[in-house]
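In the two complexes that follow, chain A is the common piece, with chain B as its partner first and chain C second.
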Partner chain A sequence: MTFQSVEFAAFLTVAAFIYWLAAERFKRYVLLLASYVFYATWSLPYTALLTILTIVTHRVGLIIGHGHGERQARRAVGFAIVGLVMVLAVFKYWKILLTIAAQIGPSFGLNHSSRTYDLIAPIGISYYIFKLISYVLDVYWERLPAQTSLIDFGNYVSFFPQILSGPIQRAGDFFRQHPGTHNPTLARMQRGLRLIVFGLFQKFVVADRIGLGVDQAFLHPRDSTSGQLLVAVYLFPWQLYADFSGLTDIAIGLGRLFDIESPKNFDAPFFAVDIADFWRRWHITLTTWLTDYLFTPLRLKLRSWGQLGLAIAVFANMIAIGVWHGAKWTFVLFGASSGILLVAAALTQRKRNQFYKRHPSLARARRITGPLLTFHLVAFSFILFRAASVSEAWHVFAHALPAYLHPGRLRVAIQELWHGGSQFAIIVAALLTMELCHLARRRALLGRWLYCRPLWLRWCVYYAAVSVVLFFGIYTTKTFIYVQF
Partner chain B sequence: MDKEQQIREKLNVIFRNIFDDETLQIYDTMSAADVENWDSLTHINLIVAIEKGFKISMTTKEVQALSNVGELVRLVVRKLP
Partner chain C sequence: MSSSDQALRADRSTRLAKTQAFAFCLIGIVLMFVINGALISGLRRLHNGDFGVWNALVAGDINADVLVIGASRALVDVDCEVVTKRLAQSCFDIGLDGSAYNLQQPLLETYLAHNRPPRIAIVSADIASLSNAREAYHPQQYLPYLDQPQVYERLKSLDPTLWWKQRYLPLYGFAHHGLSLTISAVQGLIKSPDSAAPTRVRGHLAVDLSWDGSFDNFMREVGDRGKIFPVEPAAIAHVAAMIRELRAGGAQVAIFYSPEWREMHRFELNRSEVLSSYRTVATSNGAVFLDYSDSPLSFDRSYFYNSQHMNRRGAILFSQVLSSDLAVLATRGAPTP
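Our next item is the complex of A and B:
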């Protein structure tokens, strides 16, 4: 059951009504049941896996948090982290693991079976395992008391708006809101519904409309012209952004219907002044998670290594981001290329800050040149993210560059990819609307503006927004890009 | 001047040096959100500078448990002989 399906709309309506009507002491059970019913529609056996991991991690949290001594706490943390990482690795990287087993097995006297296995990773496993790992470490680091209620803990892990693809909320932030104990206010529900409509706009009107042309170029790069490839390189980051930001906004909006505020995942990433700034604004809940639970501990361990330790920690962090997306060489290289850029940024950060302090006029100009340069670095590194293989990525890169010499061909390329200029005009208008809404949201302008308008005008705006999604949306793709990770 | 006050003054010098800000004044509830450029990179530089400055060593668990300057001061006090 996907967020954009009719079945989900029916499920949400029923779940929300039962939740609102339920007595306070029963709400947490209703929420847990709703999350498990939602997850069970994807896979019943994997619902059992989710249940087992939840129960075991909850128990580990109690052992760590309830003063059984440092030695036992360390042992429990080690057991939980190794176990959770192994589960994740088996499901996400089983093909690579089988290949390795087939290669090294015979040297240990093991016979390799010719039988092939097909293992589909449980939906959302990367997201909920990250939640479980951060919970265990937060309890161990005494940032958070162990959660005594298994029901509340189950709600944190399986909360259905977040389980498909985040945002990866921290346990402390979730429990502070006392989920499953009260109804949202009418204003909060309205804010939630508005965000869901905006999420659908980003997905169907912006992302999927851009995807019509970009997917064509990336699916058949050897049949595409140089101009088409360059246009696809420039527009893919926007497609990915609109798709994932749309999905996140729907998740945040759904959470508000149950009075839970989820963390944001994006903060105007294409306005970032350098690559480090970009990674602080892009998929924020994943990058901050890796910063807290991988980069910082590793950097602390390597602190006596000076700048080399910094470079290793940054690079390992970015490789982890790449590999987290899947067991493909393109993702490894995507992580490595982002790592090289970020290491360069980290090693020069202090000098650059001092330079801009001495040259304030250049610092002002950087507000324009910085985002332009950063966008180009991101767009070209995203070729690795989108291409089917390393050779195709190289083909796209090598054949897109000559198009800079013939800018006139870009217009032709746009008309070929979207079958006419008017389709592309809709994309430009939709992109501008999306970014204006994002910028207005950053300063809470949109909500405040709507709040001050009379009721009839507000409803006109809502009808108009829903109509735009219905009339200008593209409804051919079945899912969101980030659900596969 | 008591020992904790001396530690605070020394810490303030380290903070000013790490964040390149001669006007920076630390206080107990101050956290990363209150200081420009206090990110994950400068955080480790700060820890390394404090360890060198006070000739102490902090564990990963101790560093990860810190949530503001007040807790950092108490940790340094605890670590000093």
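Our next item is the complex of A and C:
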């Protein structure tokens, strides 16, 4: 059951109404039940896995948090972290693990079986395992008291708006809101529903319409012209952004219907002035998670190494981001290329700041040139993210560049990819609308503007928004890009 | 103001907000049904393209003497203008592109429910049609006709959830099939022809194409191995049922295998099995089997745009030949099974 399905709409309506009508003491049970029913529609056996991991981690949290001694706490945290990482590795990286085993096995006298194993990773495993790891570490580092209620802990881990693809909310932030104890206000529900509609707009109208052409170019890069590849390279970041930002907004909106505020994942990433700024604005809950639990501890360990230590910590962090997406060399190289860019940015930061201080006019111009340059760096590094293999990524890169020499062909490429100019006109209009809405949201302009309008006008705006999503959306893709991670 | 007054006001404003939310949803749902109905009626007003044929069919405006039934080969190979002129009987082509007999049968039943039974009915045969369709090709064409029980039941058997949603959830079909369908519907509402639809004259789609190279791709794909085309008893049962339904209405029925590019034959490994299946189902149900797959037209590539489909020129010539044979059929009648 995906967020964009009719079945999910029916499930949500029933779950939300039962939750709102339930007595306060039962709300947390209703929420947990709803989350498990939702997850069970994906896979029953993996629901059992989720349950086991939740119970075990909860128990570990109690051992760590309830003063069983430092040694036992350390042992418990080690057990939990190793166990959780192993579960993630087995499900996400089993193919590459088997390949490695097949390669090194014979040297240890082990025979390699040619049998292939079809093991599909449980949906959302990267997200909920990260939640579990952060909980254990936070309890161990005494940032958070251990959660005594298994029901509340279960709600944190399995909260259905977040389980498919985040945002990766921290336990402290979640429990602070006392989830499953009260109803949202009508104003909050309204804000949630608005966000859901906006999320659907980003997904169906922007991302999936861009995807019609971009997917074609990336699926058959060797049959695509240089112009088509360059257009795809430029538009893929927008497709990914609209898809994931849409999914996040739907998740946040759904959370509000149950009076739970989820953290945001994006902050106008394509307005970033440099690559470091970009990674502060892109998939924020993952990057901050890795910063807190990987980069910072590593940086502290390597602080005596000076700039080299910083470079290693940044690079390791970015490799982790790459590998988190899956066991593919393209993701490793994506992480590595982003790491190199970030290390370069980090090592030149001071000098660049001094330079811009000396040249204030250039500092002003940077507001325009910075995002442009950053976007180009991101777009070209995202080739590795999107391509099916390293050789295809290289093909796209090498064949997209010559299109700069023939800008006139880009127009033809657009018409070929989207079968006419009208589709592309819709994409441009939708992208502009999306960015304007993001901008208005950042400054809370849209909500305020709507609040001051008469009821009939507000309703007309809402009906129009739903109509745009219905009529201008593309409903052929079955899922969101980030659900597969 | 006392605290009880404040509580009363808060309670009142909450109640008002809840009423407004309910009204908003209710109006939204009503609007969806109204817009859905309007768009469906727009599609049902179109006069050209596939919708034009469907609309004429369900409105009972066809009432043809000679009815052509089949898939894309029926659609492009038989020029009903030629047949009408030659036989001096009205001919109409209800060929359903990309379909198999399990989808052609409900179309025929819908035709018979709304139109006078034909005097002569010809059912197109081809090498790939003796297997049931697992999904509907160009599914958007069915959306306005889901109220036709035969059509809906058959589509539902292919994918119950999808077709249920399309029939009963307002605007689901329009969202599912994309903006072009909505544009066609709006064009129908404002009584302008569907700009995206091809022209079908008496249901026939004349194709002005020369050889398009798809057969060469097919040859590359298949190589020297050739291909075995499935022969499913379930598909044959649909053909038999169609013949029986047509004969029950008093029609002379023929299954015709229109010319196909001769080169194709060597790739059809079970060609004789397919032809004999058609021959058997025809003769055992009181129809005749007209096989033109080896006709002289099959040897000239200029009459085709790919191995299976004739272009306008080929269709005219073939329809002349077909008309002569239909004239004989009309006089002598089909053999009794």
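What we mean here is this: the second predicted complex is superposed on the first by the 484 of 485 C-alpha atoms of A that agree within 3 Å, B and C clash if a C-alpha of one lies under 4 Å from a C-alpha of the other, contacts with A are read in each partner's own complex, and residues count from 1 in each chain.
By our rule, a contact is a pair of C-beta atoms (placed from the backbone, for glycine too) under 8 Å apart; a residue touches a chain by one contact, two chains touch by 3 or more.
It should be emphasised that the depicted structure is a prediction, and the values quoted were computed from it without experimental measurement.
In the three-chain model built by superposing on chain A, chain B and chain C fit together without any clash. Judged by the touch definition given at the top, the superposed model places A:Q354 against chain B, while chain C stays out of reach. Working from the superposition on chain A, the chain A vertex angle toward chain B and chain C, CA centres, sits at 170° in steps of 10. In the superposition on chain A, contact of A:F472 is made with chain C only, not with chain B. Within the superposed three-chain model, A:H325 lies out of touch with both chain B and chain C [touch as defined at top].
Of the two partner chains, neither chain B nor chain C is touched by A:R194. Of the two partners chain B and chain C, it is B that touches the larger number of chain A residues. Contacts of A:H58 after superposition: neither chain B nor chain C is touched. For the three-chain overlay built from the shared chain A, the minimum Cα spacing from chain B to chain C equals 37 Å. Of all residues in chain C, those touching chain A in their complex are 14, 17-18, 20-21, 24, 27-28, 31, 35, 165, 169, 171-172, 174-176, 178-179, 182.
Taken together, the chain B residues at the contact with chain A in this complex read 20, 37, 39-41, 43-44, 47-48, 51, 60-61, 63-65, 67.
Those residues of chain A that touch chain C in the shared complex are 6, 186, 426, 455, 459, 462-463, 466-467, 470-475. Per the touch definition, chain A reaches chain B in the complex via residues 137, 140-143, 280, 291-292, 295-297, 299-301, 303, 310, 346, 349-350, 353-354, 357.
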